[in-house]
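The structures come next, written out as structure tokens.
What follows is a pair of complexes built around chain A, which joins chain B in one and chain C in the other.
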Partner chain A sequence: MNVVVAKTETGRALSDAFAVARERLPGKGAIAEQRRQAFEAYERAGLPHRRIEDWKYTDLRALMREVLPLAPAPDAAALTRAATAAKSVAIAGARRVVLVDGVFAPSLSDLAGLDKGLNIRSLREVLEGADTALAAEALTSDAANPMIALNGAMATDGVVVDIVEGTVLSQPIQIVHIASAQAPAAMFTRSLVRLGRDTVATLVESYAAADGAKAYQAHDGLVVSIGDNARLDHVRVVEDALDAFNISSANVSLGAHAHFNTFGLTSGASVSRYQLTIAFAGQGSKVETNGVNLLNGKQHADTTLFMDHAVPHCDSREIFRAVVDDRAHSVFQGRIIVRPDAQKTDAKMMTRALLLSDEAEADNKPELEIFADDVTCGHGATTGALDESLLFYLRARGLPEKDAQALLIQAFVGEAIEQIASDELREFAILTAQRWLEARA
Partner chain B sequence: MSLLEVKDLKVRVEEREILHGLTLTVNPGEVHAIMGPNGSGKSTLSHVIAGKPGYEVTDGQILFRGEDLLEMAPEERAAKGVFLAFQYPVEIPGVATMNFLRTALNAQRKARGEDEYSTPDFLKKVREVAKSLNIPQDMLKRGVNVGFSGGEKKRNEVLQMALFEPAVCILDEMDSGLDIDALRIAADGVNALRTPDRAMVVITHYQRLLNYIVPDVVHVMSKGRVVKSGGKELALELEESGYAQFEDAA
Partner chain C sequence: MPAVQETVERVRRIDVDQYRYGFETLIESDKAPKGLSEDTVRFISAKKNEPAWMLEWRLEAFRRWQTMTEPTWARVNYPKIDYQDLYYYSAPKKKTLSSIDEIDPEILKTYEKLGIPLREVAMLEGVEPPPGGEPSANRKIAVDAVFDSVSVATTFQKELKAAGVIFMPISEAIREHPDLVQKYLGTVVPTSDNYFATLNSAVFSDGSFVYVPPGVRCPMELSTYFRINERNTGQFERTLIIADKGSYVSYLEGCTAPQRDENQLHAAVVELVTLDDAEIKYSTVQNWYPGNAEGKGGIYNFVTKRGDCRGKNSKISWTQVETGSAITWKYPSCILRGDNSSGEFYSIAISNGFQQVDSGTKMIHLGKNTSSRIISKGIAAGKSQNTYRGLVTAHRKATGARNYTACDSLLIGDKCGAHTVPYVEAKNSSATFEHEATTSKISEDVLFYCVQRGLSQEEAVGLVVNGFVKDVLQQLPMEFAVEAQKLISISLEGSVG
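The block that comes next holds the complex of A and B.
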């Protein structure tokens, strides 16, 4: 392998872009240095490609080709268009925090009358503030993962949520990412959510485009820490424009007797990749990770999960469903590692793909690495078409073909959606899936 | 006019001809039994009437109230009033029975240009029918046929027959996999649906079912044809002498 990597034209362009963008990136001194190192880590590797095992199915050099320059900060017209888009993905009863083109938009956000024990700030405010340790935590990078490093280097803004010990939030927090830029551009956001001991919270992340947004790239990162005996319910819905890219990561760590329930639904974006890393740091905790991909056209959606069992007595469950039509491509990579000390781990993963056309593709790559001897671990993966005998039964009872298919698809994704604990959010996920099915029919 | 007319029907499955010119006429109010050994084409006939994909009709006709049934999609046939009670009703995990029943009933009504049922009216109707068939309410909340016993699956078919009120019911081997008590419950359900307007075609291998659902006409099928037709006494005769006598006749 070459140690010295010759810079491509686009690589050089991005270097220059970083040099220019630095002026706009909040944080001085140590933070600026952290960004510089993260950018160097990215530059050494460049855009990931298929010869890197983790990126085998999602070759960003081929799919994305280049990282676009930073989107301009939104003007008044952009904010007006973004407001409409934000409204369309709003969840009733949730406290909304809106980021437009990578910039916190106070006028579209609802930060009045926060629950006692809840603190919400913009990332910019934190990076420019006095708490350098917090700022460093928010921009945590991963030198081994170029897209996380790039996100850490370039993040312009985001949301920092602190939930103080013992606080039970009365309403979900919804972070809404809206792209509005009318020329192709990239947005980099980073958010940090910290749950203290004995807290309970619900976090929703939504991604969508305003009218007129053009072939944008959304690069997002989320860092979450869940304290002892705390619970976070998390729902993530990617409904980006069909010519857009969404490259996101989440890094979640759990204390002892903590609970994390997460559900992701991707029906938007041309190319998306979601890298979710979950680390158990305390005993007796549990995680449910569930997801649904609903893809058609030439969409490409990749969910890459890394479940790190480092301590004993923790449980993890993954249920992942992909519905793939036309020439779309769904990827699920699930790696579970059970380290030597993690006795009594109970980890199970089930992934199923439904192919609705001959040219649809689904790749499932479960990986189990088990270094402890007293554990329960299992995984399963299936890929297939809709069952003809079930379709005929439904049609023989009077359901038109598309309706029969829709009913079976709903049932197929239902098992993952049912894992959402909150009735309202489950209903929201069901409606989002139904919208996709109706658009299909 | 006859309700259902099958005229000189020839059907192939993957290059092999299964029905070699079958003719059958069913009038309103009649119950026809079709008996025959395994492989005689009984189930193929029921599948072709319902419109199951995978069968190639090479000759002949199926008319329903004078309309060409073979030109219709399975869902159109259902909406017109053709009902097939499956020999092996499928399990559909994740689709609640109640949701399935309402969706299907309203799809049929919509296709006929009728108003869809409101939820309270629908629930009332289902509960009445379920009660008469000894189907517990919790069964209706489960996935369609998921975890149902053989008897429960067949009762669920009869429940659908009662709800959809079809003009012609094809019962494909309703007795397979049922013990005598389950058979009696299912047969009582079917008998309750006999009306002067509705016809039934009961497909069975054994005479036993016909003790419970007494037919007006019995047809013997062998090798893809009806080889003999007669009254209900023909079924008893078959029980005595078996199908062997017809194997050569075909």
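The block that comes next holds the complex of A and C.
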């Protein structure tokens, strides 16, 4: 039931903030108008709350209360701190593009000697450039989703990646989001990645905090279009500070015979929400979506997935694992829709949660919405604790309890991590998971 | 595959005669004035000679209802209901007296046509008792028949009385057992629960009341048969079943309505309470008129059914076969409050034509070591939409909660939709929940295999469907299983070809 709730004090504060920030936001004319409309769409709904079905388990009005003012552009000291943080999440062999406090940082990014057919620009450059169609695409909004609309209205910067037809990238592109502001603030970033026909690329997104970053809010949006016969491997790692918010969305569309393999790992942020929308626009395409949430303390992580099968002969697979300790709260909402003409769809979704503490909570809502008859669709959801008999077996062989648990947890999340195609990235994800387990022990 | 002449004819025949229970009975009836106001509520209460507390209870519900808005979250679409354009009370004019022979013969004929054994033994499927002996006890079913708003007959009173079981229309129970009714009415589904339950609380006219005393195993199946007959009436029945410590009762419910062009409203409330070690098995075969081939007419079925496992080791089992109604909005639920209590939900929901079904269950685990099982089979054909919506939740203190859910959907034809919306919420680590759902169509291979062996396309579909729903059918009492099997084949006829 959607209930219109009167605008709160904080809602008003934000509209004033938008009026002030407007002048600072890149893009004039049509782009400014697009931002205004997006902001209006956000204002109509305000911060989502639990009476809105999609936000039932993640009530931002209770968790976040307000959207903070824009972070100031980073100064030299901030960039130095950010450089250290960026290094700590760096992946060997990847081409790094760094955004600090929502602003592209050329000094920390590696844009020299780009592959032929690869073009990387900052969003600011695109918004201020002559290609208005591209600028409009980058700021695409969703009026029905207030947080995507807000992101579209407020985005200060981001990365625009173009991969020309037939290009096979030699190294992964890593977009690194660093928060460094020392007073609580919000950052809004938006990136656009376009893969032409017959291209192959790997994209990594990392979120981390520099030393001294204070209770910030990272609002990120990613728009991806994958051309016919192209392939994108995508890995996303959220290691934000434990007092931070990360509200992100990705909107992916696939052409014909395209392939998208995505993996997300969330172990950071106090409250995080990742909204992934995948739309099949061409036949014969394939998507693998996998995710792991590793949560403890009072963390709250929400993964919301919308898989839109609009055309026939496409396959999708989702494997999602959540490990929830202490008083943490993991949410998985996955909706597969098979539209009337999408015959021969093969869609499967499996979500499993492991509860390590009596105060942990896991909510799963896997949905199927099917309008075509010649399809095979299924979903599964399980929730439970670690198997006592397995623990006993390991402990009987001399493993301390925490180690025995760690081994079983590793196997549990392994199923999702294994789906990462690239060896280096798989290894990277395994190491990140191990770090979490070690910190726990 | 092109339909053979035989199939075409068969389908055509079915089209005009698909709903078997669509006849209307012409009897005079006594109605409340059209529309809904405090006066209507007072009228109904006065008709029933209710005590003052009951009227107050109704009025409170009515006042609350006026402040509520109709829920819109279900996946069903229907034109706005004008609640002032309905009759809220309709009773056959001739007042029924103590004996069955005094019931209006037209009504008896109606129930005869429906195959409801009102005449006790003589009606039991034509089985004559052996000379000098009683008919075997396990074949007996005590029936409470509800015609529009009032209960017309309750059979087997004597035998039930001997066992101490109270089975009577709820309007009588309010007068004769006010203590029991007051103690339990509205404790499972409070008057403020939801829009339709609140409406029901204000205007319910009749329904069944069952009380099984401690340690008693009810000697026979209890059954209620609901029929909406009158034009423009809403039927609002209320059922309250209490199984006291260590008792057991099995309860069946069936529903039909005449074929009419306009939509009729049915908003019932069913409350079940089980105390320590008690068990209630509640089975429904819902076959309200689903509307015609163009989606015109049919019953709007907005029902709130909830069971409360109040005592430890108690059990509530819901089994439903849903084939009728233009719109179904129904979530029989279990509150597993007592330690070691268990809840079950077995459902077959079949939709054809323009039917819309949004049904499922809620299993709310509150006590320790509680368990629940959900088996739901949805079959969508024609242009229908069939949704399973379910909630499984374990409270922080519900250690050792266990749930298994399987919901499968079968699609027949490419104009229908099947949807699954489960909510799985675990708030403590010892809760073990499993949920699985699949959606598919009947495999061409299997159909080909059957057809090759001489079955017609329809027979083959029937065979596969029966196999698909077998898990649930097995849970039904025998008398209902046969009926349900027939119903399934009727509602799917004409969906292939």
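What to note about this one:
Convention: the second predicted complex is superposed on the first by the 434 of 441 C-alpha atoms of A that agree within 3 Å, B and C clash if a C-alpha of one lies under 4 Å from a C-alpha of the other, contacts with A are read in each partner's own complex, and residues count from 1 in each chain.
Everything below uses one rule, namely that a contact is a pair of C-beta atoms (placed from the backbone, for glycine too) under 8 Å apart; a residue touches a chain by one contact, two chains touch by 3 or more.
Please read all numbers here as calculations on a predicted model, not as lab measurements.
Overlaying the two complexes via chain A leaves chain B and chain C side by side, clear of any clash.
In the superposed model, A:53 lies in contact with chain C only, and not with chain B.
Within the superposed three-chain model, A:401 lies in touch with chain B and out of touch with chain C [touch as defined at top]. In the superposed model, A:90 lies in contact with neither chain B nor chain C. Looking at the shared chain after the overlay, A:368 reaches chain C, while chain B stays out of its contact range.
Legend: residue contacts after superposition of the two complexes on their common chain; A:353 is shown touching chain C, with no touch to chain B. Of the two partner chains placed by superposition, A:200 touches none, neither chain B nor chain C. In the overlay built on the shared chain, the residue A:414 is in contact with chain B alone; chain C does not reach it. After superposition on the shared chain, chain A has more residues touched by C, the comparison being chain B against chain C. Nearest C-alpha atoms belonging to chain B and chain C sit 16 Å apart in the superposition, given in whole angstrom.
Residues 1, 53, 340, 343, 353, 355-385 of chain A are the ones that touch chain C when the two sit in their complex. Of all residues in chain C, those touching chain A in their complex are 71-73, 396, 399, 409, 411-441.
Remark: chain A residues 387-390, 392-401, 403-404, 407-408, 410-412, 414-415 touch chain B in the complex.
Those residues of chain B that touch chain A in the shared complex are 50-53, 73-75, 77-79, 84, 86, 89-90, 92-95, 100, 103-105, 107-108, 111, 143, 160, 164.
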